[in-house]
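A short write-up of the structure that comes next.
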Amino acid sequence: MDYFLQQLINGLTLGGIYALIALGYTMVYGIIQLINFAHGEFFAAGGYMGVILLSYLAASGAGPYVCLAGALILTMGYCAVLAMAVEKVAYKPLRHSSRLSVLISALGMSIFLQNGLMLTQGVYDKAYPTQMTQGSFQVAGLYISYMQVIIVAVTGILLVALNALVFKTRIGKAMRASAQDKIMSGLVGIDSDRIISLTFAIGAGLAAAAGIMVGFYYGSVHYGMGFVPGIKAFAAAVLGGIGNVTGAMIGGALIGIIEVFAAGYLSSEYKDVFAFVILIAVLYFRPTGIMGENVDDTRV
Amino acid sequence: MTRGSSKAWIALGVGLVWFYLILWPLMGITPEGLQFIPSLVVWLKVAAAAFVLVSLNQLRTAGALAFIGKPTTAAWTEIRKIYKKVPVRVWISVVFFLALVFPLTTGRYEKDVVINVMIYVCLGLGLNIVIGLAGLLDLGYIAFYGVGAYTYALLSVHFQLSFWLCLPVAAVFAAVSGCIIGYPTLRMRGDYLAIVTLGFGEIVRLILNNWMSLTNGPNGILGIQPPGLYWPGFSSGLTLEYIWLKKLNYLYYVILALVVFTIIAVHRLNYSRIGRAWEAIREDETAAELMGVNTFTLKLLAYAMGAVFGGLAGAFFAARMRFVSPESFTFLESAMVLSMVILGGMGSIPGVILGALALIALPEAFRGFELYRMLAFGGAMVLMMIFRPSGFWPAKRMGQRSEERG
Amino acid sequence: MEPVLELKNVSAGYGRIQVLRDISLKAFPGEIVCMIGANGAGKSTTLMTICNVVTAARGDILYRGNRINGIKFSKLPPMGLCQVPEGRRIFPRLTVQENLELGAFFRKDSTRIQEDLDMVFDFFPILRERANQKGGTLSGGEQQMLAIGRALMSRPRVLLLDEPSLGLAPLLVGQIFNKITEINRQEGTTILLVEQNANVALKVSRRGYVLETGTVVMEDDVKNLLQNPDIRKAYLGE
């Protein structure tokens, strides 16, 4: 039982990270029906920018919490700028092209960014200053590390903030309207280009936060690290019903828990396989995902 | 200066400012303090290149480059005229002849590259059936390549079966796995299909990576036999000798034969009744079904046929490298093959061949810039989609649509 | 009097297909003008071209004396030019109230917006009952009211209405058109009305244009149009 609960906590920690990445996929997909392959790279860039800023801030003598908060906020801002630039260059000119063209452009951008990271940051893993968040405490026989607390807290705050933004504010309303009908939302005065740009920025900001969390979780970052969590997060987005913000959060948590349980109870080598098998099974029996919104019947 | 040109300069300026904003934090923030020199150096290089490109484009739009542009387009139309005059058969024979003599006149490195290109031509043409004809976006196509390669590798290492026997076996295995993957996924449409095929591709790679007892995991399988052949020998009278086709020249002809077989098969499929049904499914699945096309079976068939060529290419790849490991079957490979099909021109056989050449041979030409190769490749994909989305050699559509007449 | 909206020899189309040829029309302040024509005559395309959703290949579109070709269509509602497009296009997964609030998206005066919301609710009481329901769950008539209400929320000077009678029962058509005349009378809003249902459209309008295969074949006061035997035969079912 203890083992089960321990695994559940680990699963939720990982799931929160997946949810943060999945939100970017689902929001971008919701608004321009694009599988943004470059999204994993925003996450990787976030991981790098995090370690760069952490070591800079630590060297300039800031306390650990100032470091963490500062690095988190600056990194999110950085990745938001990066995503807006990518959108402007690689996706905006293709607004009226076939969806396959945009998809290829996204693939190209993903390769470009990945190699850009490699060229500026080197091919080797970069270690995270994990000593910053070392230590753990025990509650009812369960070991909970400070790192896990930080991850869950940051993820939780960001998810709540995003929910408020999407469902409570004027901008959120405009985002939802644009996702449903871009021409009509233009006819009521919403500039859809700006909304799309903003969507990319928000998604990338969340992915950047996830990048830092993953850096602490695994202890290092790597220029190619965006790919596997990227597709798992996309799977989470699909699982939750793509285009659906709440669904992405649930899907992310589910994928994280499934992965940790599969690794803990079944086989750690095949943990990634289980995530995909569950995804395929869910889509087979419920093709619209858990939160069930319809995707357009549009093909390549 | 016209309004359009000042617009382009403003865009360049804004773009460069953004670029610096993105570049500097990556290069300039270090524990030792903030540095500006290294990032400025890179930035200046990029800025200079962008400046030259924009200037050239300005000159072109202003008509200053007409002295180059006009003769080139004129020459191009002349070439096209000549091209159209000579029957297609002649061109095909010329290309085929060149392909035949190619290994006799070139070195090891060139042959190596061309063999690689031809493997990808097979893969591209196979994927072209799935995506170009039937319109199913498959992001895990490389799985079939892996299945073909491992089929031959295992049969060769454990049972010493000959390459020629294994070739159809690999094709059948790939087709079967195509059906296995296809059966649950083909009810889905559009992007769900894409993500599920991506998932399947990853599952296959992970199984290859982790099933130690069968595949030897990440270490891969060594000691695969090359193709063999009975060849008349004259050393002691006329006997049939079994020789291993280890030399690159022989391998070249084997893959050439495979490519020719693939091209003929895909061409025949394209113009068959099945090909038309696939096109109907691509254009409008619901309408096709209402017209009596059995969409499910045909989509499954498209998957299986695509997988067959992937499997053939895989078996050859295993025989040629004489070593396989899961490393060769990553998503990046799927993305490469997909890019070939799209960049070349979806649904067009010469397009796919050109695409494979461009994506495999061109990066080889830039070996000197090893580090920047993939960076340039990714950037080129984006630019290509912006400026020429239909590919190098777009497929001719059968018939014309009403809006295109007149 | 100066027209508030004027099209001068506008041609437009989709890709290589030309839909509109040399359309010229005027709408004067405070009047209801209608444009009638068969299916595919180019009525909706005309409205979409006015808003620059479809780009005009040639010709000038003048709004209050200024040329508005090429202005991004999201900039038009703040200028007072608002369209209720064909098929209503309400946001199906937003609530009725959110739909209406989006109509006032560009406005910053929150107290006035609240007043206008009440005004729309008074105008279409059924919408108040449905305020928290998703737009997609409304019936056709209610959706039409919501679409018009949403447009009113932007306090338009000129309202472009595309087929408000589409898919509605005759009784509802009468109600909607009563409301349209009421809006015109109360707020002084200029209304350009596009209709296939010539009978009702001609009844509420002052002037009318007849569109056939992308060109204006006739323009006149409604009284004259109603007496024209060709029109009676072709559009009024006699």
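By written order: A, B and C. Residues from 1 in each chain.
Following the convention adopted for this analysis, contacts are C-beta pairs under 8 Å (C-beta built on N, C-alpha and C of every residue); 3 or more make two chains touch, one makes a residue touch a chain.
What you see is a predicted model, and the numbers here were worked out from it, not measured in a lab.
Seen from the Cα centre of chain A, the chain whose own Cα centre is farthest off is C. Looking at contacts between chains, the pair that accounts for the most C-beta pairs is A-B. Between the CA-based centres of chain A and chain B the separation comes to 30 Å, rounded to the whole angstrom.
Centre to centre, using the average C-alpha position, chain A and chain C are separated by 43 Å.
The centroid of the Cα atoms in chain B and the matching centroid in chain C are 51 Å apart. Residues of chain B in contact with at least two other chains: none.
Taken together, the chain A residues at the contact with chain C in this complex read 170, 173-174, 176-177, 180-181, 183-192, 293. Contact residues of chain C toward chain A in the complex are 51, 53, 72-78, 82-83, 85, 89-94, 98, 101-103, 105-106, 150, 154. Of all residues in chain B, only 15, 18-19, 21-23, 25-27, 29-32, 34, 131, 135-137, 184-185, 187-192, 194-196, 198-200, 202-203, 206-207, 209-210, 282, 285-286, 331-332, 335, 338-339, 342-343, 346, 371-372, 374-375, 377-382, 384-386, 389 touch chain A in the complex they form. Touching chain B in their complex are the following residues of chain A: 29, 33, 35, 45, 48-49, 52-53, 55-56, 58-59, 78, 81-82, 85, 88-90, 93-94, 97-98, 100-105, 107-117, 119-121, 227, 231, 234-235, 238, 242, 269-270, 272-273, 276-277, 279-280, 283-284, 287, 295-300.
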